[in-house]
Structure formats: C-alpha cells, structure tokens
Amino acid sequence: MLEELRQEICAANQLLESSGLVKLTFGNVSGIDRDQGVFGIKPSGVAYDDLTPEQIVLIDLDGKVVEGDLRPSSDTKTHLELYRAWPSIGGVTHTHSIHATSFAQAGHALPCLGTTHADHFYGEVPVCRPLTPEEVEQDYEAHTGLAIIEHFAQHHIDPTTMPAVLQQHHAPFTWGKNAMDSIKNSIALEVCAEMALATFQLQPNTEAIPAHILEKHHQRKHGANAYYGQAK
Amino acid sequence: MLEELRQEICAANQLLESSGLVKLTFGNVSGIDRDQGVFGIKPSGVAYDDLTPEQIVLIDLDGKVVEGDLRPSSDTKTHLELYRAWPSIGGVTHTHSIHATSFAQAGHALPCLGTTHADHFYGEVPVCRPLTPEEVEQDYEAHTGLAIIEHFAQHHIDPTTMPAVLQQHHAPFTWGKNAMDSIKNSIALEVCAEMALATFQLQPNTEAIPAHILEKHHQRKHGANAYYGQAK
Amino acid sequence: MLEELRQEICAANQLLESSGLVKLTFGNVSGIDRDQGVFGIKPSGVAYDDLTPEQIVLIDLDGKVVEGDLRPSSDTKTHLELYRAWPSIGGVTHTHSIHATSFAQAGHALPCLGTTHADHFYGEVPVCRPLTPEEVEQDYEAHTGLAIIEHFAQHHIDPTTMPAVLQQHHAPFTWGKNAMDSIKNSIALEVCAEMALATFQLQPNTEAIPAHILEKHHQRKHGANAYYGQAK
Amino acid sequence: MLEELRQEICAANQLLESSGLVKLTFGNVSGIDRDQGVFGIKPSGVAYDDLTPEQIVLIDLDGKVVEGDLRPSSDTKTHLELYRAWPSIGGVTHTHSIHATSFAQAGHALPCLGTTHADHFYGEVPVCRPLTPEEVEQDYEAHTGLAIIEHFAQHHIDPTTMPAVLQQHHAPFTWGKNAMDSIKNSIALEVCAEMALATFQLQPNTEAIPAHILEKHHQRKHGANAYYGQAK
C-alpha cells in the first residue's frame, strides 16, 4: 500500500542525517496521501541508516495505525494535528537542528534578514508558546500541534507562505507540499538561523529586509508568475 | 575472551572519530561485563582507523590487565573508579569535543535549555572541581574519577539520570548502559553544548526549561512508561 | 557547441555543493567564451548532483538563449550585465554561503584583516546598496548587476583586483578569469568572512592589515612578478 | 632520493585538506632528513589531490633545490630558516586554519585554557610581531622565519615544548619531530583555538589552567616518564 509514498518518506528521513540536520534519532519526516487520507511516518527510535520503506508506519486521520509493525514516531500526534488543520500541506518535518533550535530555546523569532530567508519564508518565522502543565499532562504531542495551529490562527499567518515554526523550549517544525518539500524547508530554516545569528553578531540592530525585496524574492519563487526552477 | 564486548567497544571508539567528536586520539570509550567483573578499553594513542577488537585491553575491577598486549588508555583509572562506584553503569566515554570542553574550560555548568537536553540529561550537567596539586601528584587519573564520584554524592545527583559531567579545566565524561549508550550521551552532550552557546548568544538570560517539560521529555524516553523507541 | 566550456561550468557548479558553499540550489556559476560572445550558466532549480554538461544553457551577450532546453538560472541577467561591463572577467559565481551572506545581511563591508584575504582581494570587499522599489519592479536581476557596476565605477574599484562584492540584504557575487577561478574566489571569500567574524569576536577593534603586507601578499600571487604557483 | 621522506611529506600535505585545516591551496608541510641536510616541501599552488611523492621538491640547508622540477612553496624560506635555527625539529607545517588564523589576525596570544592545550603546547602559544616594510621588501619569507626565531629567543621559549606560533596579520606555523608530527600540532592548535574562542564567549575572564595541571598533562605525554601512547 502506498509504495511510492513510503519510498519518498524513507528517503526524506535518511536525508535528515546525511544533510547534517540531526544527530542520533532527533527528528522525523512524514508525508500524506490526501486521496486516501493516510500519512506515513518514521518508526520511533530507528536509526536512519537502517530505515527501509517497509518500516514506514501508515496512519489515518483518526490517528489509527493502518499498516506497520513498529511503533510510530513519538511525535506522530503533532503531525496528525497539522494534517487535520491544514489541508494544503502534504509533508511535515521535525528536527532539532542546531541553530533553529537555539532560536526556539531563546524564545527568539527568526526575522527575515535577507533573500535566502525571503526565498523560503514570507516574513518572520514565529515562536509558538510553550505548553501548560495541563496540556503536557493530558496529551503532550497532540497539544504541541494544536498550539502551533492556534498561533497561526490568532496571528493570521498562512501556513502556505510560512511553512515553519519554532516551538519555545523545544525545536522547529516545518511543512511543505510533500515530505521532500518539508525537509527542504528544514534545511533552509537551519541555514537562515545560522546566518541570522552571525548577522546579529556583526550588527546587533540589523533590521528586516525591505518589504519590496521580500515580496520580489518570495514571488519569483512561489508566486503566480514564478520563474524560478523549471516549468512543470 | 569477551569477543562481543571487544567488538562493541572497538566500534564505539571508531564512532568517536567518525561522529566528529574527537580529532587525533583525544578520547576513549570502555564497556564492562558485570558478570565477569572485567571491562575493556581502548589502547593508548592508537589511531581509531587502525583499531581492531583484538587490541581492546581487558582489565578487572582491581585495575589489573587480564588480557591485551598494548598499554591501556592513560585515562583507564578514571573509568575504573566510575565502574567501581556505580554498579548501574555499563560503559564510559571520555572526549574533548569542542563545545562541551569549552563549557568545562569556562567552569560553566550546562543548563537544561530545551527538550534536546531534557531527552538525555535530567537537569543541569554539573561541573566537577579541578584536582588539587596533591591529587594530581599521587594518582591523577584515579583522583579524576574520585572527584566526579564525590561531586555526585555531595550534590545527591543520580548518575543514572545524569549520565554526564564536565571536569573543570579538562573535558567531559559521559556514561550509559553500555559502551555504545555512553558515546551516544557524548554526542547528545556536544549538541546540547553547541546549542546552549548559541542560545546564550541570542539571549544571554535564557532560563532553564520549565520543570513540567523537563519531566515529560525525560520520562517519555526513560521513565517506567516510556514510549520512545521500540518495545524491547 | 563549446563542449569544453560546458564541462568546466558543470564541474564548477557541482563544486558549489561539494565544497560546502551552498545548500539546496542556492547558487550558480557561469563562464564565458569571449571569442564567440557566448556564456554558459546553470539551469534554474536543477540539483547539482543531477547536472550534466548538456544542460548548461548557452546565452549570447544580448541575453538570448543560443542553446539549451532548460530555463537558465533566475540570476542570469546579473551575470549578463557583469560580462557586458567588464571585458576582463571570464566567470561569475553567486552563492549564499553562510558567513559572506551574513556580512551582506549586516550591510558590513569585509575588511582585509590578514594575508588570507590579501592573497585574494586587494583591500576591503565592498557592500553594494540595495535596489530601489522601481529597480526591483522593472528588472530585478539586471539591476542587481547594474548596481554592482555602478558601485565599482563610483568608488573607482578595479574588478580585476577586487573580484567580489556583497549585495546588502542579499548575498555575495564573485568573478574571475574563468568559471573555476570565480568559484575559487567564492571559497576564499567565505573563509575570509568566517575568519573576520571570529577575529571581531576576539578583538572588536581589529584594524586592517598594514598596507605593505597587503601589497606584498597580493603582488606575490597576482602581480607582474608573481612567484606563487607554477609558471604557465 | 629520500623516497620515504617524500611519501611522508606527500601524505602530510594531503592531510591538510582531508582534515579540514585548509581550503584551496592555503598551506604546506615540509620534513627534513638531518643526516643528508635536505628537506622536502610541497610545490607551490598544486592541488592536494593531485600531489604525488615525486613532485615533492628537495632543498638543502643553503636553500638550493637539490631535486624537483616544480617551483617549491612560496613559503619555503620560512621553513628553511626554522630548520637552520632549530636542529631539534624535523617537520614544519603552515596553515590558514580558521580559528588559529583568527587569533593571529586579532594579535591575540592563545592562552592555555585546558588539558587539550596542555597536552600539546606547554603554556600560551605566542604571537609574533608583523614584519617591517624593509623586511617585507628585502626577503619576506626568510624574515618571517627570522622574526619567529627572534621572538622565541627573546622570550626564552623552547621550540621543543612550544611547537607553534601565530604570526600577527598572517597565520600559524607549527613544527614537530617530523612532517606528520608537525601537522598533528596544527590540528591540535586549530581545536584549541576553536575551544578558546567558545570559552571566552561563555566566560570572558577565563583564566589559564593551574600550573600543576599544565605540568601533569604535558609531562604524562612528553616528559621523561611519559605514559601516553605505546612504548616505542
């Protein structure tokens, strides 16, 4: 079932390690088949090198395992809530990449300081509040997703143009059109976070990129008349 | 004798270099067979690439070489004291990894600033005092271990939930259930130290993670009802 | 057509990734055949691993595609303007390498703090102004090149001895005798930027290298009596 | 002639790149046969990957090329002066490694902040003064060596226990018993410099390691009763 989806998710999870985003087993990628209402996710605690497409756990949008012998990622319910709330997304990635996680730990939103950022994220990447003791107690991973969704709703942020969030005290989540696209946003987020830290070290008061440059760079890659990449 | 233990220790030592934790020969890993009361450790000054399971030196808990032609790591007595004092541990790793060592050099404990840390270390990773001239003179490496054990006893720290220490002016030691587990804690410690430095650069007054999140993350991975990883 | 040029450009683009200068598809290299008045450039959004010499897009100095089925890099017009204005250059590289881009984001020129810098760049690497809303609106990529050319003309900087620029809010461009030479300057620029940040962290008021050392290092590598490298 | 020496020097030069110490062709290693009074050094500007033992240029202590078709490293006279002044050394390495060079650029001596440093360098790694315009004009590379030798003589520093120096505005030089030993000191120097920068960022007033720990660590590895490594 869903052989192609499994393969893409397996490859995307292996990219977590080979791209340098994660050490040990600090991250996971999922991808969804919207027609079947089923998403696949990495099994918990399995080394990326050993991962095979058959081990990807398939789960429906009620959170039930549809196929798979292994326990799914402990973060599965966070992915589930994001897929439920946002029909436009097709993949989710969670990492503890060094610099993006440092911004999350500092409770510091990641401002758009240049075109590298503008190419991927339309403005400042937000920080989402930490969970309350009650939320942690009841259903930690589901509430992680719900807090993200709440933040985007309250601040009128569109998850399509802002495919990333930093959860305070925790780490980043990114998403995208599919599993591979979501991890590319994690790679871009880590690069932008590393650059932002260095930029602040050089010039603590660096201001965000002017609006017209943000607009241009985002639209040339993602707008209706985008001309970056090859026509599909 | 103890072929499987030798192989695990050899692989763990080679991981020191391939994981980027150490350069040259700045580190060593050991593992113990509690039934036989014998631990194996890297020979001193041998390049990781050239290391073979046969070269692992086997030592009993009186510190006598049981098997092996090569001189054991110069840090052997530190490992020995830790195995003697703490029956719950099965492996010990010593590195000079860049960021963890920088915290040790600065005499700066590593606070728990996020869930990456909470997943591995239950609270702040402590700094252990430097040795006195007398301790250095008499038996440097044994006293290194004894100072760590003294610190944990005096501060009522459980080595099972806090599998790491930073020795001032020196470098980190970590331990775990076995050799491979102990080096995974060294990898996690280095990541947490690198993140903590970047976090402080962004926000010098960053406070430790709230207690309920520390508790949750540690327990979901290490508690009685842990649900991270696969059931064994 | 221009088989050798295509191969060099392909190899130079692949070096962008293998040298660690860029992640994803954040950069491009071009090279020109001055006799034919044709330059080749990376197609837009193609992964470096998958790139073949046949995919290099050939373009004349009026900006028309001479050969190639794929859409050229979205930054093509910037390269075109540089080739038009400066007959002495034979290759152009654009990256978003971490530290050079951080200087560009901070709007901070890169001073010559040591001989590593002097070996490649004759003095401070300048920051070029951001584009106006009108320039962005009309023809963003052509104006990017024109703003660089304007900056060099107004400040009487010779592009032959200063083969690099940092565009504010954006990223670096470098150039050289040919495609491979231009990317070597990007590698050198990134190293110099990383060193300059660390130097400022150690000593915020570090001054530029004395003039006689700048002169010596630049001339022994690039002057009429250069004695670095092998005689050609 | 001197086949074994050539092979060691070739391997040591290739380690410059594979160890991450240098980019492009920013460094060189030499080694000497004291019986024959001949040292071998990398040819100038040759890529490390392409280097073969036959290309190593052999030079006598008068600075004359004894064997070799290629132009020797432009830094050859610096190596020559060090070999002439210090009969105890058998190899010399010059790099522009990021962090050691940053200390050189900042004119900041590298204090001994921990045992990693004490294991290799007996105290603070000194900064050597920049050359005067006259020295640069007359014979730049020879004067580079002479300034280092002058500094060690004036400050009564023993090159055997302090196998490294940082030349202001320039970069580090290290030496050792042979070519391979000299590059190991460059690797250790870079690690110590990276750690020192991070240590200062955590704790700007970090003091040097206590004398009794410096003494112990240096002697257990290099003293008459050293017990690090295998007996030879």
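As written, the chains take the letters A, B, C and D, and residue 1 is the first residue of each chain.
What we mean here is this: a contact is a pair of C-beta atoms (placed from the backbone, for glycine too) under 8 Å apart; a residue touches a chain by one contact, two chains touch by 3 or more.
Keep in mind that this is a model prediction, so the values were computed, not measured.
Undergrad: Expressed in steps between touching chains, what is the minimal separation of chain B and chain C?
TA: Each step joins two touching chains, and the minimum needed here is 2.
Undergrad: Please decide if copies chain B and chain D contact each other with the same set of residue positions, more than half shared, or with different positions, and reply same or different.
TA: The interface is built from different residue numbers on each side, given that under half of them are used by both copies.
Undergrad: Taking each chain's centre as the mean of its CA atoms, which one is most distant from chain C?
TA: B
Undergrad: Report the inter-centroid distance (CA atoms only) between chain A and chain B in whole Å.
TA: 32
Undergrad: Averaged over CA atoms, how far is the centre of chain A from the centre of chain D? Could you give it in whole Å?
TA: Chain centres of chain A and chain D, defined by C-alpha means, are spaced 45 Å apart.
Undergrad: Note the residues in chain D that touch 2 or more other chains, in rising order.
TA: Residues 201 of chain D each touch two or more of the other chains.
Undergrad: Could you run through all the chain pairs that touch each other?
TA: According to the stated criterion, the contacting chain pairs are A-B, A-C, B-D, C-D.
Undergrad: Within their complex, state which residues of chain A touch chain B.
TA: 23-24, 26, 43-46, 70-71, 74, 96, 98-99, 101-108, 130-131, 133, 136-137, 140, 169-171, 197, 200-201
Undergrad: Could you list, by residue number, the parts of chain D that touch chain B in their complex?
TA: 19, 113-116, 119, 184, 187-188, 191, 194-196, 198-199, 201-203, 206, 209-210, 212-213, 216, 220, 227-231
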